[in-house]
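Okay, so subunit A shows up in both of these, paired with subunit B first and subunit C after.
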Partner chain A sequence: MRILFHEIKKIFTWRILLLLVIANAVLFFLRIEFHISHFPNGRPSLDSYRIGIEMISKYGNDMDEEDRRDFKKTYEVQVQEANQYLQSNKEFAEAGVGTYEDFLNIDWENKEQAALRDKIMFEEQVDIFWELPERRRLMDFHETKEARVGTYKNGANPRQEARFDEMISAGHYQVYPEVVMENFKEFIFNVAIAILVSVVLIISPVFMKDRSRQLLDLQYTTRKGRELYKTKLAAGLISTLGVITALLIVYFGMYALNNTEMYFNVPIHMFIDSFSWYDPTLLQYMALTVAAIYMLGLVYALLAMSFSSMMPNYIALIGIQVPFVIAMITYGLTYLVTRIINIEVPQWVVPTSYSGMVAVSVLFIIFMWKREKHRDIVV
Partner chain B sequence: MDIIYYECKKAFTSPILIALLLLFASYNILLIVSTSDRREELKVANQLAGKYGVGITDDSMNQFREDLQHDLVKLNEITRTDYSEAELDFFTELQLKEKYYEMANDIDNRYDQIDWEQIGESQINMYRFSGSAADTMKNEYIKLSLRFEEMKDNDEHKMWFFAGDPYKMHSFLFRTIFGHVIFESLIIIALAAALITNYEFENRTHLVAYTTTRGRRLMRDKLAASLLTATTVSVFILILTLGTYFAVFDYSHLWGSSISSALNWEYKLPYVSWWNISFSAFLIWSILLVYASMMLFTAIIFSISIFVKNNYFTFFIFAVFFAVALLLPGFIPASTNLIFIAGYNLSQLVMNPHMFLMGNSSGAMMFKNYEWITICAWTIIVVALSYISLRRFRKQDIH
Partner chain C sequence: MIVVKNVSKYYGNFCALNNITLELHNGVYGLLAPNGAGKTTLIKMLATLITPSQGEIVYDGKNIIHMDDEFRALLGYLPQQFGYYNNYSPKQYLLYLAALKGMGRKDSIRIIKELLEKVALSEVGNKKMKKFSGGMIQRVGIAQALLNNPKVLILDEPTAGLDPKERARFRNLLSELARDRLVIVSTHIVSDVESIANEVIMIKHQEVLYKDSVENICNTLAGHVYETTIDYGHLDAFRNRYTVLLEKQESGEMNIRFIHKGAAAEGWLSVTPSLEDVFLYEYRDEIRMEV
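== the complex of A and B ==
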């Protein structure tokens, strides 16, 4: 146990920790910060976000016919409010814009009307005039929800078709605004990048470090002998879990600033977004992506350690991992994290990929351990 | 000379670096070949330039219109409905030619609608520039609109080129392809330069190597070797990638076309170069700028290596340096000219190769003298940095 503790301490030198913090700060400002400080990103995203909260508190996790009528009624009431606003506003009355309908039909060529429109939309940012089009958009989605599933079903393969039928018979249609879902996907994708890079950064030197300092001669002739290899492996895995957990806590702590907890218990099939194979709630989907990140982190840690005990020097160690990391970031992560249950990805692809990656990385490290047991270290 | 050769050999006998080099080069080739399906359609622009000359003049447009009408007559003669392959090709070609004709005809109209000073205003609003930064920006856009007027007078933009919308060949070549080349070269160069510089420490030969007659002057050879290796790597990737590109896409009659060609209008704004340069000149300038940046980056990596003496940290510190320089302008208040000065850095430069020498860019990158000032300023910084690190190494405790 004590040796394990010391090995973990050897991984987290102050230099590596400093580099870890700086690298994450850079990646944060480069890729993550935007999805936190710009959520919701202007209007009508803000209105979409607000209307979503209102819908969830009113209609819950299931929006039936009556709810949709109610939503329509809310729209009509708000149109009346808009009418009143316009009528009580002298400027609009003079410009000949007395109703919301007139407002929608404002002629762009008419300078006076266009200026008034810009004034309440952009300068004063009157809420109802931003909310109304957003509600209208959602109502359009509500009216075409069956047709949309139908279009997707037409181009689907038998398995996808069965899934669409299942959704139709359960009455699962996309009715809630998508801002939160989209934002979370962007956020978690970039968090996955930061964590992947951090894991590789921390774990890669594990075996290389002692070997390049020629410590192995000493270490392998102690009573513990070559078993130390396994202790270092364990130290590497524990450190990986620690780093992933710490970074997830930090990043999700920032994500909490987005205030999306009202959405957490809504099943993801309610959002106007891509279709999925399963029906988790948003919170369950988040948990799934987090599990995926842990899995990827462990796989990349195992790979990093295998390379660490194989490569002749640090340059080769970084060099060989560059293609793996870049390939994962540019091609893999969308499938393995954000689109993990997306209906466009065949149902078997994601579980198979994960099983394959885990199998390869575990076999690789076992092979490396077998090799280490007999390796001639006096070279 | 021998020593430099042997130093280079250290990088070029590393199997991983060679493997990376080949992997990246084949990836680029694959990337280019996989987009070659639009090759057939792209031929039309080349044909037009070949037939009517690369410049679009009133005469050539008249000639073009006559030919089009002639083709239309031919089209009407075909009354059968079971078209042959050649006829179908003729239809699509005619359709494309008509589109090019319309685009060429519309140039004056579209260019007259552009008001650069107004675009400058909206840029200032968008990035919330104020104070002296806003003034600088305004002045620069006044200069750009003068340049734009000059362009409209001498008709340099009236040249045939691949239609920017929908093909976006400028972005594909100078953003996607060049971006890949830059990023890939940079990774290999960073690894190679660090490998060469720290080789003696990594392999515990430093006590021997630095006590020979050559002694610590060996570091100078290592710098030269790093630069030479970087040259070889970038030239190799560039030649293979651009070679494939120009073998796949035919530019034969378009080399002399202007880089600010009005047909090359991809997004909201047309490409407006500060100088009247042709496509081939722009290509050469881009290659030179990329090459100069690579050399400067190599020397920076060399200096980091000397200070850190650990390859692992060198690589990541360089990556952080690159990214921080990229982020830098974002952290500076947009009220002073400091924000533009921060933009004059190599990371900003190499991240936007499609905007080299262009005025329709944003931030400091749109300034007329951006490219050469960046290169010159950083040459001075890098030379100083290399000098300091070499000096430092002379007295460093290497035990």
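== the complex of A and C ==
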């Protein structure tokens, strides 16, 4: 236990912690910060986000026929309000825009009308004129929801088709705005990158450091002996979990600023977004992506440690891992994190990929341990 | 008791040690041989860091590799080269190694204090090791080898980097330690072991040349070592005829110590051979190649 603690302490040197902070600061400002400071990203995203909250509080996790009629009614009431706004506004009345209908038909060529339109849209940002088109858009989706599923189903393979049928018979249609879902996917994808890079940075030196500094001669002749390899391995894995958890806490702490908790209990099939094999709530989906990040982090930590006990020097150690990390970021992460239950990815791909990666990395490190047990410790 | 049984070690095709057999009891053994003779190779096998290509090493009848931690618990080892963490103080470093040696924390703290005194590092016990001189690091190394009060103490060139005063202190420390344990000290410096080793082991051509007391080893040259004074001009001719061990210039003439295994000539003074004489004589080819 004391040795394990020593080994963990050896991993978190000031230099490594500084490197970790710098790497995360860079990745945060380049890739994550935007999805927090710019959420919702202007209008009509803001309106979409607000309408979503209103819909969830009114209709809950399931939007039936009656709910949809109510939504339509809300729209019509708001159109009346818009009409009143326009009629009570002298400028619009004089320009011949007396109803919302007229407003929608404003001719861009008509300078006077266009100027008025820009004024209430961009200068005054009158809410109803932003909200109405968003509501209209959602209503269009509501009206075409069956057709949409039908279109997707047409090009589907039998398994996907069965899944679409399942959704149709359960009455699962996409009716709620997608801003939160999209934003979270962007956010978690980039968090996954930051965490993967952090894990590789922190874990890579685990075996290399003592070996290159010729500490093995001393360590392996103590009573603990070569078993220390396993303790270092455990220290590496514990540190990996620690780093992932700490970074998740920091990043989700920032994500909390997006105020999306009203959406958490909505099943993701409600959002106008990609279709999924399963029906988790948004919160469950978030938990799934977090679990995926832990898995990836552990796999990459195991790989980093295998390379760490094999490569001749730091340059080679970093060199061999760069392609693995880049490949994961460019090709792997979308499938293994954000699209983890996406219907476009065959259902077996994700579990098989994870099982494969875990198996390979575990076998690799076992092989390294067997080698370490018997190898000659020469300079 | 350690027995090295017919041990050979190959690095690839290169034979570093060939068919070594040794019996080692309590006491100090000086492993004396020039650079590259295979001292470190033998020592690393004794420390279980490398495995013999042939043969085995047993401690009280048990193969040391099979004994595993049971053997390592008895072992104190100072490698020829060893690493440390720049930002650790000797105390932190020794605490870490003590933990690896399975020692309790309280015991470790007490023992570390004693050992730092023994190697004259008490005052810098809390200073970071990155500021240490080579000799100071070496003394930390000696201290770490003694942490677990080892029954088998193996030191690979322990005096490297030590000044004469520290060398003397180290020799005293060793003779004090040697009473109830097996100590193996490798060196290519004769004076390190001459006065304290119960037996000296010399390796030549990958094999054991001598394993005997200093006296017996010296006696192999008894009656063959002479000293004389010759003209500077005759030096080259003299060198060609005899094995010269030592040359010293003295007021225009040369004082020569040399070996001759025949009848003595006039003016030669027969002297008692020293271990250094044997070393220089036995390794004359290797040494000349190095020059």
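Note that the second predicted complex is superposed on the first by the 378 of 379 C-alpha atoms of A that agree within 3 Å, B and C clash if a C-alpha of one lies under 4 Å from a C-alpha of the other, contacts with A are read in each partner's own complex, and residues count from 1 in each chain.
As a working rule, a contact is a pair of C-beta atoms (placed from the backbone, for glycine too) under 8 Å apart; a residue touches a chain by one contact, two chains touch by 3 or more.
Source: prediction; values computed, not measured.
Participant: Following the overlay on subunit A, give me a clash-or-fit verdict for subunit B and subunit C.
Facilitator: Aligned on subunit A, subunit B and subunit C fit with no clash.
Participant: For A:Val378, decide between first (touching subunit B), second (touching subunit C), both and neither.
Facilitator: Once the two structures are laid over each other on A, A:Val378 reaches subunit C alone.
Participant: So in the superposed three-chain picture, is A:Glu182 touching just subunit B, just subunit C, both, or none of them (first/second/both/neither)?
Facilitator: Neither partner.
Participant: Look at A:His6 in the shared chain and tell me whether it touches subunit B only, subunit C only, both, or neither; answer first, second, both or neither.
Facilitator: Second partner only, subunit C.
Participant: Would you check which partner chain A:Ile315 touches, where first means subunit B only, second means subunit C only, and both and neither mean what they say?
Facilitator: A:Ile315 sits against subunit B, while subunit C stays out of touch.
Participant: Using the touch definition from the top, say if A:Asp47 reaches subunit B (first), subunit C (second), both or neither.
Facilitator: It touches nothing on subunit B or subunit C.
Participant: Per the contact definition in the header, classify A:Glu131: touching subunit B only (first), subunit C only (second), both, or neither.
Facilitator: Touch status of A:Glu131: no partner.
Participant: Using the touch definition from the top, say if A:Lys224 reaches subunit B (first), subunit C (second), both or neither.
Facilitator: Touch partner of A:Lys224: subunit C, not subunit B.
Participant: After the two structures are laid over each other on chain A, how near do the C-alpha atoms of subunit B and subunit C get, in Å?
Facilitator: 9
Participant: Which parts of subunit A are touched by subunit B and by subunit C alike?
Facilitator: none
Participant: In the complex formed with subunit C, which residues of subunit A make contact?
Facilitator: 2-3, 6, 10, 13, 210, 213-225, 227-228, 374, 376-379
Participant: If you look only at subunit B, which of its residues touch subunit A in the complex?
Facilitator: Those in contact with subunit A are residues 14-17, 19-20, 23, 187, 191-192, 194-195, 202-203, 310-313, 315-317, 319-320, 323-324, 326-327, 330.
Participant: In the complex formed with subunit A, which residues of subunit C make contact?
Facilitator: 11, 44, 47-51, 68-69, 72-73, 75, 77, 79, 81-85, 87, 96-97, 99-102, 105, 144, 148
Participant: Using the touch definition from the top, list the residues of subunit A that touch subunit B in their complex.
Facilitator: So the residues of subunit A touching subunit B come out as 15, 19, 22-23, 26-27, 29-30, 201, 204-205, 212, 311, 313-320, 322-323.
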